[in-house]
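Structures incoming, each one as structure tokens.
In the two assemblies presented below, chain A is common to both, partnered first by chain B and then by chain C.
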Partner chain A sequence: MPDAVLSIRDLRVYFNIRAGTVRAVDGVDLDIAEGEKLGLVGESGSGKTTTALAIMRMIKPPGEIAGGTIQLDGRDLVGLSEPEMRAVRGNDVAMVPQAAMNALNPVRRIRSQMIDGLRDHGVSESRERTEERLTTLVAQVGLNSNVLNLFPHELSGGMKQRVTIAMAICHKPRLILADEPTSALDVVVQRQVMETLEEVRSEIGAAVILVGHDMGLMAQFADRIGVMYAGKLVELATVEQIFSTPRHPYTRLLISSLPDTAGKRRLEGIPGLPPSLLEIPPGCPFMPRCPEAMDICGVDVPELLGETDMVSCHLHTEAATV
Partner chain B sequence: MSITYIGARIGMFILVVWLATTVIFFLPRIASDRNPVRERLVMMAATGNLATGMEKVVAAYEEEYGLDQPLYLQYIRYLSSLVRGDLNYSLINYPTRVWDMIVQRMPYTLGLVGISVLTAFALGSLSGATLAWPGAPKWLKGALPVFLTLSPIPYFMLAIMLMFLFAVRHQWQPEWWPLLPLAGATSVTTVYDGWNMDRILDTIYHSILPAMSIILSQIGFWALGMRGMMVTTQGEDYVTLAQMRGLKPSRVFSLYGMRNATLPQLTSLALAMSLIFSGVILVEVIYRYPGMGTLLYNAIAGFDYFVIYGVVFVLIVMVAASTFILDIVYPFIDPRVRRAA
Partner chain C sequence: MTATAETTTATSTTNGAPSSLLELRNVTQIFSSGPFWNREHNYAVNDVSFNLTDKPALITAVAGESGSGKTTLGRIMLGFQSPTLGQVLFRGDDVAEMNAAGRKQYRRQVQAIFQDPFSVYNPFYKVDHIFTVAIARYKLASSRDEARHLIEEAISGVGLRPSETLGRYPHQLSGGQRQRVMVARSLLLKPQVIIADEPVSMVDASLRATILETLRALNHDLGIAILYITHDLTTAYQVADNIMIMYRGHVVEAGDVEHVINDPKHPYTRLLVQSIPMPDPNRRWADMRGANDPPFTGIDVTPAMCPFVNRCPDAISNCVEEVPSTYALDEHRISKCFLYQDAGTVSDENIASYFNVRDASPSTNGAAS
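What follows is the complex of A and B.
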């Protein structure tokens, strides 16, 4: 994808602990077009949040980006120095955090915290202009300008999350990473916050990576969905394709495990557990749990192939048909 | 901040001071029913030091203090004189008033405690915070164990060690080895007339070793506390988000990290004040520093009960006041307390 805002190639994030090397993200390729909304799903430990953190270059020791490239508008973030990367954070790539409950500094007013961002990204303007800008920003996320005078503990969970969205769009970033932005909110507020996020996103035309495991939320919000398993992207397709014709057995099981409002079907999970990321078995990582596993799955890792619906599964490779 | 909040704090301050002074009053009375004035008189007579003013002292006290009256009446008398700010006379230096003696000594103690505690707190907290931050300088990492080793040593032991090293000339000391004053608050050879710049500088020069005994012992404590708090703070979501928003590391460190980590440290500081005061008393004695500690020590050695009462009362007020000040200041530094305030 030549016009991609973000282009990730063979991204590997390893955590070097005493027991060995944990391959949290192991060879992810991902392209995101301008203004695209990509959902990244997968169970806990599948590497979706780690991928988002890697884009921010916020992997902390003992973790490290062990290889690959992350190109934002053609500029490789992996090679940037820390001060260069700091200028990118918040400016070109912004984060809407997971737990907004505690994401704001408890001892400083919202106004000061927002101004911190402006100052550190080199915005110097008159006090009136700043005030105007902040008022517009909070209005964009549906808040009254008096929240600027408040401390975080005086805001509700939904209001706090709106403030973090206002902070994220402050510098009109090219890409917004939203890591389960609504997981701590009740469903009504969840919907309002997601609508707000979508509104401001389309206003500034940013691309979004929404990380989460709420398939319902993904279906409503995203254009495309990437399914991660054991540090790898196993399927990447449009929302329609993922829900109507899922191709990877894991995606199928994931969707069939969703609660069904129509029938009285018993909820079913996926039997087994994901492999230890310390010792990923040879071949396809999903093989031990896969109902359609074949001989080749145990020896050969399938590649992510395809045009619009990409899948890494031997059911869809040459190897299986031969 | 509401009037009721301030009122409640003032009420608490008065309650603490009242309870403590009550204990101070009754404890020696319950322990023995002997008349301190007569005890003193007998002692001085036994050593042949019966001064001419002694009979007047007894008379003054019998009348002033009503020592022959029932205990509860004495207590009421004691309290009412305290309320009027009257701490009675010194037994040894009659007719000097205890209050005048304390006022003379107070600036020295307040100066010594204030400067050394604030220095130790600031240096300790700052280095502790830096140690928790990635990229802390190596020398600082090396210094922490040294200060941790010093921190369990009582102030007076450190005072003696420092005196041995820096106030006494030894064979092994090279030429350039600095020697600092051994005792007192000003040079013995200089007589000062009131407070002026020279006297203040001389006092500071004489205070270096006593202050260092307190500072060296405390830095490790504050550094350790701050490092722990800072490590906790760094794991907080608001620090992570601040980093992800691309804020400058210096700003994240100070306004997001230290600003929050300092809050529990300040509480510890107010709570530690009583321990610090009791430690300072012994440091003053060792350096014959003319503060309230030396005054108390001499009073205890000479059975000067009313000076003991007076000094202890003032120390209680100081410790209670430090807690009171923290209570008043806290809502300003932690907005979450403001609502309760």
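What follows is the complex of A and C.
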């Protein structure tokens, strides 16, 4: 993709622990266009959060980025020094955390926490100018400027999450990483927060990677969806394609396991468990749980192939290569 | 509506008719905070009456946002909390006045499944511990072998393999497995009632279906009455027969799940249903901002008003003057909203008397879907 904001090639994130090497992210390729909303879904342990953290270069030891490139506007983040990376975080890539209550400092007012974020990135301006800027920021996320005077515990969960969104957009980043930003909120507030995120996103024209496992939320928000399994992308397609014609058996099972309100039916889970990332079996990682597994699946790892609807599954390898 | 009340009383006296397992009678729970000169009273549960019956045992969902009182309701039913006002009756006996033996039976027959499948385990013990403690407490087995057999039976009952589960520590199991082991523990005690408080909200989507299916099987096959507390209306719809929607301690709407979710009447239920993120990109959230603004935004809601008045787009002056009564819209639906005052107030305070009994009228489900 020539106009990609973010271009990830063969990203590998390994955790070296005593028992061996955990391949949390194992060869992910991903392009995100300007202003695009990409959903990254998968079970816990599939590597979706680790991928997001790798983009922020926030993988902590014993984890490390073992290989690959992460290009943001053509600049490889993997090779940057820590001081260079500090300038990128917040300015070019910002994160909306999962648990807003843990992301905010409980003993400081919202105002001083937001000012920290500005100062740290070299914004030095008059007090009036800063105040004006903060008021605009909180107004953008639908909050009244008096929240600036409050402590985090005086805000509701939805308000706190809006504050973290305001903090994320204060430097007009090119890319926002949102890691399950609404998993702690109930449906009405979830909707309001997601609508706020979408509003500010379109205002500043940023791209968003939304990480999560709620397919409903993904259907509401994303343009494209990447499905991760055992550290790999197994399918990457537009949201319409994923929901109408899922091609990977895992995606298909994931979608059929979703409860809806159009008639009662038997709910089917996905049998089995994801493989241990310490010893990934040869062949396709989904094979032990796959209802459509073939002989080749046990020997050969399928590649992610295709133009717009990409899938890594031997059911589609013939079709994609021919 | 007197006709409904009569039929309910009539059926409960006939043979093999539903008997009340666990009943809440005008239960109110007030949490007070603040200094004595400026005490704040928070009604977590506000005058709720309903019961869980057997024959047929149903799955009843309680839904609402955080702070709606749904968890408090569950805790009261479990006996973890004595209500400020009202009574909890287990098979007709007041729980507050039970003797030790009665209480022990009650604790056995009413089992809990909680949200977080990790914090309920003691990490220093193997998962077997939660079974052996229960067996010892209720003297379910006379020998080790018998105990082992019981445990294995319970674990197989929830679709796990005993060899892969027993002898392990909680951290060695996945979240879904841990939650199913908790269900197995409930199963071991063969309870009459299970109170499941957000049992799947911390579990992956792929396992969610399996656990809910297990709960449904416990209800259908073993006749265990289940109270399913959740904020997720889609799973409530799939699993439950009837639903109660709570808002700030009030049950604002209740009835057959098919009707309540696919044709919500109370403005709060409507808001909830509209906010469900449907897993379908062609049914995106409709733009709500076009709708009329709530006329009483910013008003200080007192206990003498409708609790939803400050967020309600349909609020009228009545709503700030008094708390609406509960109106019976039809046989299987009640709503606590002045919009339906023409329907007449409920004849029976017990919400469960408006519930749809699954086997009695299977056509209701089919017709609406």
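FYI, the second predicted complex is superposed on the first by the 318 of 322 C-alpha atoms of A that agree within 3 Å, B and C clash if a C-alpha of one lies under 4 Å from a C-alpha of the other, contacts with A are read in each partner's own complex, and residues count from 1 in each chain.
Criterion: a contact is a pair of C-beta atoms (placed from the backbone, for glycine too) under 8 Å apart; a residue touches a chain by one contact, two chains touch by 3 or more.
Treat the numbers as computed from the prediction; the structure is a model and nothing was measured.
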Combined model on chain A where chain B meets chain C, clash or fit: fit
Touched chain A residues, chain B compared with chain C: C
Partner chain in contact with A:A103 - chain B first, chain C second, else both or neither: first
Chain B versus chain C as contact partner of A:V189, first or second or both or neither: second
Partner chain in contact with A:A19 - chain B first, chain C second, else both or neither: neither
Partner chain in contact with A:D116 - chain B first, chain C second, else both or neither: first
Chain B versus chain C as contact partner of A:V88, first or second or both or neither: first
Once both complexes are placed on the shared chain, angle at chain A toward chain B and chain C, C-alpha, multiple of 10 degrees: 80
Least C-alpha distance (whole Å) that remains between chain C and chain B when both complexes are overlaid: 9
Where chain A meets both chain C and chain B, residue numbers: none
List of chain A residues in touch with chain B within their complex: 56, 58, 86-91, 94-95, 97-99, 101-108, 116-117, 119-121, 151, 153, 164, 167
Complex contacts: residues of chain B adjacent to chain A: 236-238, 240-249, 251, 255-256, 259-260, 263, 333-336, 339
Chain C contact footprint on chain A (complex, rising order): 43-44, 157, 186-191, 194-195, 213-220, 239-240, 243, 253-255, 257-270, 273
Residues of chain C defined as touching chain A within the complex: 65-66, 174-175, 177, 204-213, 216, 231-235, 237-238, 258, 261-262, 271-273, 275-282, 284-285, 365, 369
